[in-house]
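By letter and in written order, the chains are A, B, C and D; residue numbering begins at 1 in each of them.
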């Protein structure tokens, strides 16, 4: 075990573990964005067998990069892919058709029903902060078999209601995805620096289902903008191993 | 049949004030040199279109070329915000920028519909998000067979599309490979098109994954080696990540930005001079 | 993830009586061996789908495997009619064949919609022709933005699609190149899929124009060298035009046809035996 | 000059001349089917500069075959093309988008308004003769800038009204294409073994605009199933030259 690590490492390794478990469960196909999701997915490729299959919105299918890409269109991604297709094709034939098991998202705001804002803080027409925008997220959130979210937990980011709904989680609550006709399963795991959240089976509201070693319930409540609830059992996530940390650090140094 | 000519001529002839202009590229093959030439020739009131506006759109917006932007994700990939884009949207500097906002899937569908000569495209998208409230080019559509609710988006048909590719030939055909984004659709959906290329060759050698655009669907082909920098052209150059990181500081400040544009873009007469000006000839990155 | 197995196993497991089955190929890479295996295993009541039903569909229809055919052009390219197809439609032999008739553009749109997970596709097509009167999967649709009148067609989603490709690998990935028709869409639109390949290799070498279908979108990969004959596999074989011409005489006569099927298809246990039976091992063409 | 040639050669060479003239007029892009159209287009490639650009529905763009293909998917077509695309793409991005100048069609029946039947003779549900079907023709007839038809002229084939309308020419007459919203220009030339037909500018009805050497008006009338009219001037087509015949025969022997 190791007790010297960053919260980024904590989130990445916990996300990679989940991806490894999903790949072992026959759900390997992962649609990833750049940043923590890409790092976690690439780490899982090194740690687990069967490895996740990486799909990038730039059209790369089955990428096996030897170093971490800085951008979604990094040359390394295309050159190590099983197949490179056009952007219209990756969204239509691959994501929309339901071939992606896990969509991997982040955002500026996340609300209690797992909806994501990556568009604006404040009013749309007079934004306090203009964010980059939705990008690929709305259709990933709609069509991926399940969605994993990685975000640092804070009252500012984990809000009662998003200023703008860029991507739909469970919308306004139970049954809303079905009414909207969304085919994917919605957010199933939110990996934060404090622990892991998952939707309550009854209310669809995100609740803490695990805490990282040393994190208290009070810290989680204080970092959440809605009245946070906890699952019946809230285990502590496994301590990061030297193997995991070494693999991650080697990957980041490559 | 396309013309093989200088980028200066191509932009002068094909890009007009008030045009809808798409300079496409999905991280790879971004037509920076062409964007600079548009700034240099002082185009105004452009409606810029792009899935992923990044540094070159930040420059066009900051230089006052655009009054409208249609896009799905505007940022400096791996770095952060587009400062000039934010300043235009948040503070109206140098003037207001009207935005038309989509998702990537929606933009890709719009380009594909435009390339196919259809007035609209259909996707499973946007449903339940706040985007349709703000964007008129998104509307519900029902499957005429099953009654299922889907989403329609208008086709995109830019007045001019501009892309960068690896090779042209003397007849004006274009060959490109690697990550190709929506570039083919951007050219095929546009009324006019300009392709800057790394080199003009006598004959194309086949390359795995390559797409060839025949001369008769391209407007102009212009040889501009390195014309994607700081983006890259697979098998010709690598992405200059340091340049992208450095852009954050330059673009954060209006004065620093303006000085940069004045010195390196408006103060040079073409991309080769620009490269010397920013120190690329001697290996420095900004 | 796909299974690498024998064609006999793949057809036994994946093709069931009553299924909607597409054996696609646009002159190039037509899966003849797989069609023969379907006949050999005695499948009945199939709904066959293909843009260009040719010899192998003539055989499936004449052998009594199909009760329905969805298509856009049914002939023996460069030779003439499909005699068994005509006999089924004109005279109901060996039994009636219900047809659902489209244009090529419509069929291509239907496969693309199926591959994209949409319930319908849109095209500028069929307008003013008599086809919509006879085909329920064609209906008018209006552009929700412009009001323009266009045509919608239902998506195609076969129960099983079968194609032939140049290479598979040990993990069940597929690589194919040359004229690829709608084969990618056929596989991606289907619930199950079988790909016969010229050879199974350890690792794919990149080939210009090649498409790779990853293992996880393919059902089974079966090594059947020459399995497209008398169609061809670019860089492996050439089209056996003499065989196509000879088919005309064989297929014109019910008895000659039945004897041919009994002897060469039902009387052999796999494609290698079939090849010997029709004399391909010794260089003759029929 | 030569007076020893077949009617196929007569039709092919007259069609090739027209394609050569169109290419010189900036309309080089020709969407061709196998058989006489493909032969004529390939002949024009050898005889004229600028040559026509050949597009085949199998996805070949800019094919330069060195021998005549027997089928639309002949390997020679793909290997000599500037670009090979999928069949969905060739119809959507190339034909439908209006990038084809000349569509080249044949058929079993042609009616006075240039509509084509390639589906059935007799009743659709109880056909006397089941033909191969429409294939690519309906959308070629709809979307190509102009359509050229090659057919052997006879009362059986040149009919008052097609048994089945597979592809639309001028529909029921003037203004019908516009009412249907068809973007292409419709049939402009019908090359037969007797001469050349074109639509009357007033009535859209096909009329003879040229006759081949030695062919009489009476022969043309007798081979047409509607009351055939003639343009004000009906020139005789140029006699086939040795150059043309040699080029064609070399092409067919290759």
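Just so we're on the same page, a residue touches a chain if its C-beta (ideal position, glycine included) is under 8 Å from a C-beta of that chain, and two chains touch if they have at least 3 such contacts.
From a predicted model like this one, the values you see are computed outputs, not experimental measurements.
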Which of C-D and B-D has more C-beta pairs touching across its chains: C-D
Chain A and chain D, separation of their C-alpha mean positions in angstrom: 57
Approximate Å spacing (C-alpha centroids) for the pair chain A, chain B: 29
Computed distance of Cα centres, chain D from chain B, in Å: 41
Residue list for chain C, restricted to those that touch at least two other chains: 117-118, 123-124, 148, 185, 209
Two or more partner chains touched - positions in chain A: 92, 96, 143, 183
Chain-level touch network, classified as line, ring, star, complete or other: other
Chains touching one another, given as label pairs in label order: A-B, A-C, B-C, B-D, C-D
Contact footprint of chain A on chain B as seen in their complex: 26-28, 51-52, 71-75, 77-78, 81-82, 85-86, 89-90, 101-105, 108-109, 111-112, 123-131, 134, 148-149, 178-182, 184-185, 209, 232, 234, 238-239, 241, 244
List of chain C residues in touch with chain B within their complex: 117-124, 137, 139-141, 143-146, 148, 150, 152, 154, 206-210
Touching residues (chain side chain A, partner chain B) in the complex: 34-35, 57-60, 70-75, 77-79, 84, 86-88, 91-92, 95-96, 119, 124, 127-139, 142-143, 164-168, 171, 176-177, 180-183
Contact set on chain A toward chain C in their complex: 28-29, 53, 61-62, 82-83, 92-93, 96-99, 143, 183
Touching residues on chain C, where the partner in the complex is chain A: 115-118, 173, 185, 188, 211-214, 216-217
